[in-house]
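Same chain, two partners: chain A is paired with chain B first, then with chain C.
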Partner chain A sequence: MDQSKQSRDDKCNDPYLRCAFNGAAQTALGVSRSALLAHSPQGCEYLVNNAFAWQECDYMETMTLCTKLCVDEIVHGGEDLLMRTIREAKDLKIDALFVLSACGPEIVGDDIVAVCEDMQPEVDFKLIPIQSPGFKGSQYDGIDIALDTMIKRLANDDGEKIPNSVCLIAPHANANPTWMADLEWVKQVLSEMGVKVVATLSHKTPLSDIENVPSAEASLILSHDAGQRAADYLSAKYGIEQVCKGMPLPIGMTNTQRWLNALGERFDAQKKAEKMVEEGERMVTATCRRKWPMARFFYRTPAAIVADATVGIPLVRFVTEEMEMTPELVALYSSRSSVRDMLEGELKELGLKPNVVYGTDVYKTRRGLMDVRPKIVFGSTIERHASEGLGVPYTVEVVRPMRQFRLINRAYFGYTGILNLFECVQNEWVLRWRSKDKRYEAKW
Partner chain B sequence: MDDDSIVFHGTLSQLLAKVESGEMIPKLQASHAPMCKFFTAYYVINGIRHVVPLVHGPTGCPLYMSDIVRTRECCEERGVPLEPTACTTLDESNVIYGGEGKLLEAVKEADKKYHPDLIVILSCCCSGIIGDDVESIAREAEEQVNCRVLALRSEGFGGDFRSGYEDAFKLIMELMEPPKKKVKGTVNILGARWGPTLTEFNEDMEEVKRLLGEMGVTINAVIAGGCTVDEIKRAREVELNASWCYDWGQKLGDIMQERFGIPYSKTGQPYGLRATKEWMLGIARPMGLEDKALEVIERETEQVQPYLDYLHEALNGKTAIIEISEFPGPIRALSLARMVEEFGAHPVVINVHPYTIKERMPSIKFLLETGVNPEIILTKGLFRLGSFRSSKETEDELEAIVRKYEDPIFFGNSARYPPCPVVNLTLLNPAFQPQYGFRGIKNIAALVRQALEYKDLPRSKLLRGMLYGPK
Partner chain C sequence: MRQIAIYGEGGIGKSTIASNLSAALNEMGYTVMQVGCDPKRDSTRNLAGGRLIPAVLETYRDQLRVGKDEYAISLDSIVFKSPGGIYCVEAGGPEPGIGCAGRGVLTALQILKDLKAFETYKIDVAIYDVLGDVVCGGFAMPIREGFAKEIYLVCSGGFMSIYAANNIARAVQRLSRRAEAGTGLAGIICNSNGDETLEHSVIPEFARRLGSEFVQFVPRTPVIQACEFEGRAVVEHSPNSKEAGIFRDLAKQIMENKKTVVPTPINDLTELEQMYRQHLNKK
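What follows is the complex of A and B.
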């Protein structure tokens, strides 16, 4: 964990992020034709269910199991119970069973790695133990733990590299509730540039793709919150070079342009990248000309951004450049040094001096909003309610948790992403101006 | 249906005997995981206004609950303010060296930040195993802050679903002060939960309040369904405790009766006329309000007479297949069984999970004593691997069961597709109608009418396919 001093000093948090166990479950459930066995008391199963939904797993296809540890197993150990539960699952038609250990069994010393090794001959699928107790850190630490385990246990290196290929890392470490659309946009862009995606770590990823990871030429992290550890390992072990490193993700015109150009340069597709930028910017401008988004009325409106780093950092530039607002509070869930460096770089380049809170929790967010009194907040449902009584007229819900779940996955990345974000602002604008008072009664 | 699909077929009392002997508890460790002790304890504590539930553990434990509270049940649906769900965010170093110092500071910080009326420290797996002495920290902290501080041992592994809410209710009793006086005509409603959040069906609570109001009874506190610390402090001043959900409130009612001598009206849920009468008279008699209650019952019965007549006519001679597998749970299913019997139908309750019977043993025994002993069928699908979710297997089994009965009608979840009329008793009923009391009779009659009159309308292939895959 790389928490800021400010975060460490707080003893009482009202956190936004879940624990490492949840992050590991999110990652494991991104592997297709697998099941997940939580070696935990039954309450942790709810965190697994949450991860299940985050990966949009189909419950007709993906199974989640639990050892349901009780006092006896905490006192005497739960390894026998884990073995029994694996035996119960032996007829499942899956390629892998991920065994995740939670706080309890890790503290009492259950050796899930040894149990999986012992049980492996009894089952037809791969047993992959992931030691991911909640106390290991936030959900982002859990994602890193799971990626580390999966790559180290599954990757097969035959030395052959696939030309123009890439491995995508941690697309699910993104607070956009419909992050799958961001991933799709990235894949579309890479395909147009002639770049092959060797593996996505992880979303609907077959086991064979993970085995094949070493054949990638490059890695591309789709999050500012998790995945760097995996990229560093891939670089050191297999010489997989990381592209777009230290660059804000493609939200907004400038970020998208920079990001596409960097990819174009790496994969020798500069012309294609330039064309994408030109066409994308033209499409956005033409659409805005026809639709007249209300965002233009927000000129120099004081804004607050409360989000994960993945969405929050690029949003700073988008809000400043495209919407012409003035970010006066930027509160990020995480506080890794890479996150700090990136945000500080962006603020310096843009000439902004907002209040910045790293590793924010609900209390710090509310305090920040009280200090700044912005007119518009980009955040979640939490900020909508935290803003109550503070005179904040607009809360644009762009990150989880959200009031209304979107059935259609919408990207924030890329050019359509710009329009999607405009639309969020537009809807909030309209709702604000919808009168709740009847000015007169109808005659009939 | 293949009889091999049926794991149990008998009466509730026979099932109870098998569960008590351990015969019916599923051997599969990987099947059906209900809430852990921490969750149910949290539900109760969160039902007190301006409380900080301070979770002494990593961030995973509080977040599921706080997400629900913030995104669905609390702020959005009930319009209550955003309340904190604080956490000490235990990390590896705390697990090794202990987290007591951090906890003490966290309590002080929580007091300073949120100015609550009460802080309840909830221990979870980590803090429980490493042996942090949460009670001592609570005592020590209380001397340094401006509110009461209590500690609750609620480790997820430390007990079952039931133990969480029972222990939480017992803890709440520490707040109850010796009565300065007895306030005539007042009651506490026991066993509600998710206070500032959802109290099961809010509308049922409104009906309960209305009926008590008609009888001239005032509610002191709904424990713990949005009550204040002051209301809990005054809880011993009431004449009587009344149950909201007999299962959740039962232990608290019994202990308050035993320890403080406050009588507890033990009745089932007020579904249908007979149970509603019992519920009202159970409160009115000990309070000397029987005449008033009978007057209200007579007046209200007269108003709903057409609906009662309709329910008799519509349900008489039918087999009512009852399955409440969503939130409202098995106690509601058994209350419904009692109600349909009153209207002349034969109740068959399907797939009440044996875990549920085990965890609700005292309530089930009480219901049996009151004569609730319906036919029960448990199918194989109930014991399958994995989470307890809608499954194709249990849907197929339900359809097969329904085909075996003449003139069946299904009471339950609209996500089921049996070949018979379906009475939509899903938790989030779109009309927000109470099912309790006299208004409940009207609403259930309307739901039965809709089910029978439109039984031939086609069901959504799309939604069915979504839930159970292609036919």
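What follows is the complex of A and C.
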């Protein structure tokens, strides 16, 4: 391949992630009794709708507004229009209105912070400006921007700490379509350990919870892709210690065990943690013995993992230990140094040397799959298409976008999560045998 | 139709050159339209008797405010004929500190194009007086969108004005490859800051380095300043003055000059400084 052709190909990148505006909207929509005002052209409202779906918001409860910027506002500035729109929304029965600015108004310099300050006396709800133009980065960056703004603008520190309490930083950064079930599992575990959740940032979170964040003793991040900035700020400003830092999330036996034990140790509930691990592992082995999962046919099968870091990193150990496959490609959407450190630590511990791609896009994934030629890919519907013609017989859809398991939340975390993942693999294995062509590929 | 754009450092006197050029061309019998592409909307002041005419973007905004759309704008509301018979347009733009002037220029030019202003008034020469202080893509719009075909750079003997002109030449070099065929640098005009000896030495050299021509020297004289204060073009206010002759000569040269080049700007600041220093030391 000549040099010019190669450089052209290298620039062909279809991203997995949406922009910062989308990430900020996802986070803001997680606050209950609030509305979101997109200070943007109409097209960006599509991203808000997407974020709406990711947060599983209810159209009956949450309203999204848009200033619908046109050329006049780009030329002359859109602050007047933003003021008018806020004024029109003043009768809404909400606690907060998040004003999110998109690329256009940020480029021309609309000062949404000043507008919100000017308009605050006119409305009964809190106006929270979030400067989140899409060009600031990916949706992960948008989540960080929104969390940063929300905490800095809303948190009230009265100095009182609630014993055994935690602030869950649970941005919906992961491509896990079942993240709410994971969140519920975490909350249940914490409850059984006697730990109070002060606030969840953010999913159906009342404004008062965010105000109380400084009273938490600890923070717990349920993502490897976003939220670390918020945890660092809470630690520096309010002395809130981060637990389970640098540890893969609880997907698979070992990860769950490590994670539960770390929590138990921090909150003085070791016995409870040990019991959870013991019961969980017994349940998984007993279920597998009875149900006889077909997944065992994948012994030492070359595998590829294409996912966000939140799911992708713990999945490496799950695929290696539980499924007994051999990961030969790990492609992660993120490329942050914390993500690199964590994955490299895991690979070293497991004695694996797969091809690793950070900050992957669809093109890089396809190139990675071409190099490795795995038999099974853990990824999304995109990887199913990206694998076309490469002789990859199985694509297990475990991350967004996916076509299966979209209606009911199914956890990946914890012991039920292990069985859910087993089931995903087994279904793919069974479905593959329905096609003569694919059966041939799978067999030979 | 000839489409001529005047570029140069902010405050260098582009509007003075453009308006006097328009008046001289009008006197020669051409149908001229001067388009001021600056939010300050002061380009056509010299032609409109010292008054500021309503701008395209303000008219557009007023229409939107009363619930009309952009199609409600008519040419009558944005094109004004000066007492001397020159068609004057001001793009206008946002208030200082908000919005995007560059986008405004493009929008205004697009409105003129959509309304077929040049065809309607049978314009022979369109002069675009381009904003000087904008460094974003909006500054390049008249070139990129094919409105400006022949580009004249205005500079004085001040180093920074030459530096700015050189930067503009870099933009012209890049954009002339993409713009419609024929767009390029047509020449350099000196609007003197008073140091004539230096200017007569350095500006022709600078023009040569760009691969272009030194077209005209416009002296710094009380006559031009007085005309400007009165809001009149020199050929109208002082038609028998030496300065009127200079602008007539400029108009004649421009109409005769149909050659444009892709400029070869000086990319190294040190080289530009050396060139300037050589001429400074000659004095």
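For this structure, a couple of remarks:
Basically, the second predicted complex is superposed on the first by the 419 of 444 C-alpha atoms of A that agree within 3 Å, B and C clash if a C-alpha of one lies under 4 Å from a C-alpha of the other, contacts with A are read in each partner's own complex, and residues count from 1 in each chain.
We adopt the following convention: a contact is a pair of C-beta atoms (placed from the backbone, for glycine too) under 8 Å apart; a residue touches a chain by one contact, two chains touch by 3 or more.
In this text, all values refer to a predicted model and were calculated from it rather than measured experimentally.
Once the two complexes are overlaid on the shared chain, A:Q426 sits clear of chain B and of chain C alike. Once the two complexes are laid over each other on the shared chain, residue contacts for A:T287 go to neither chain B nor chain C. In the superposed pair of complexes, A:F21 makes contact with chain B only, with no contact to chain C.
In the superposition on chain A, contact of A:N164 is made with neither chain B nor chain C. A count of residues in chain A touched by chain B and by chain C gives the higher number to B. By the touch criterion defined above, A:V108 reaches both chain B and chain C. Residue contacts after overlaying the shared chain place A:N50 against chain B, while chain C stays out of touching range.
Using the contact criterion defined above for the overlaid structures, shared-chain residue A:H76 touches chain C, although it does not reach chain B.
In the superposition on chain A, no contact is made by A:S235 with either chain B or chain C. Overlaid on A, the two complexes show chain B and chain C touching the same residues of chain A, namely 71, 73-74, 107-108. Of all the residues in chain C, the ones that touch chain A in their complex are 57, 60-61, 64, 93-95, 97-101, 103-104, 107.
Residues of chain A that touch chain C in their complex: 71-77, 79, 107-110. Residue ranges of chain B in contact with chain A, taken from their complex: 28-30, 33-39, 54, 57-64, 66-67, 70-71, 75-76, 81-82, 84-92, 94-95, 102-103, 105-107, 109-110, 113-114, 124-126, 129-130, 155-159, 385-387, 389-390, 392, 468-469.
Residue ranges of chain A in contact with chain B, taken from their complex: 1, 10-15, 17-22, 37, 40-47, 49-50, 59-60, 63-71, 73-74, 81, 84-85, 88-89, 92, 102-104, 107-108, 133-138, 362-363, 381-382, 384-386, 388, 401-403.
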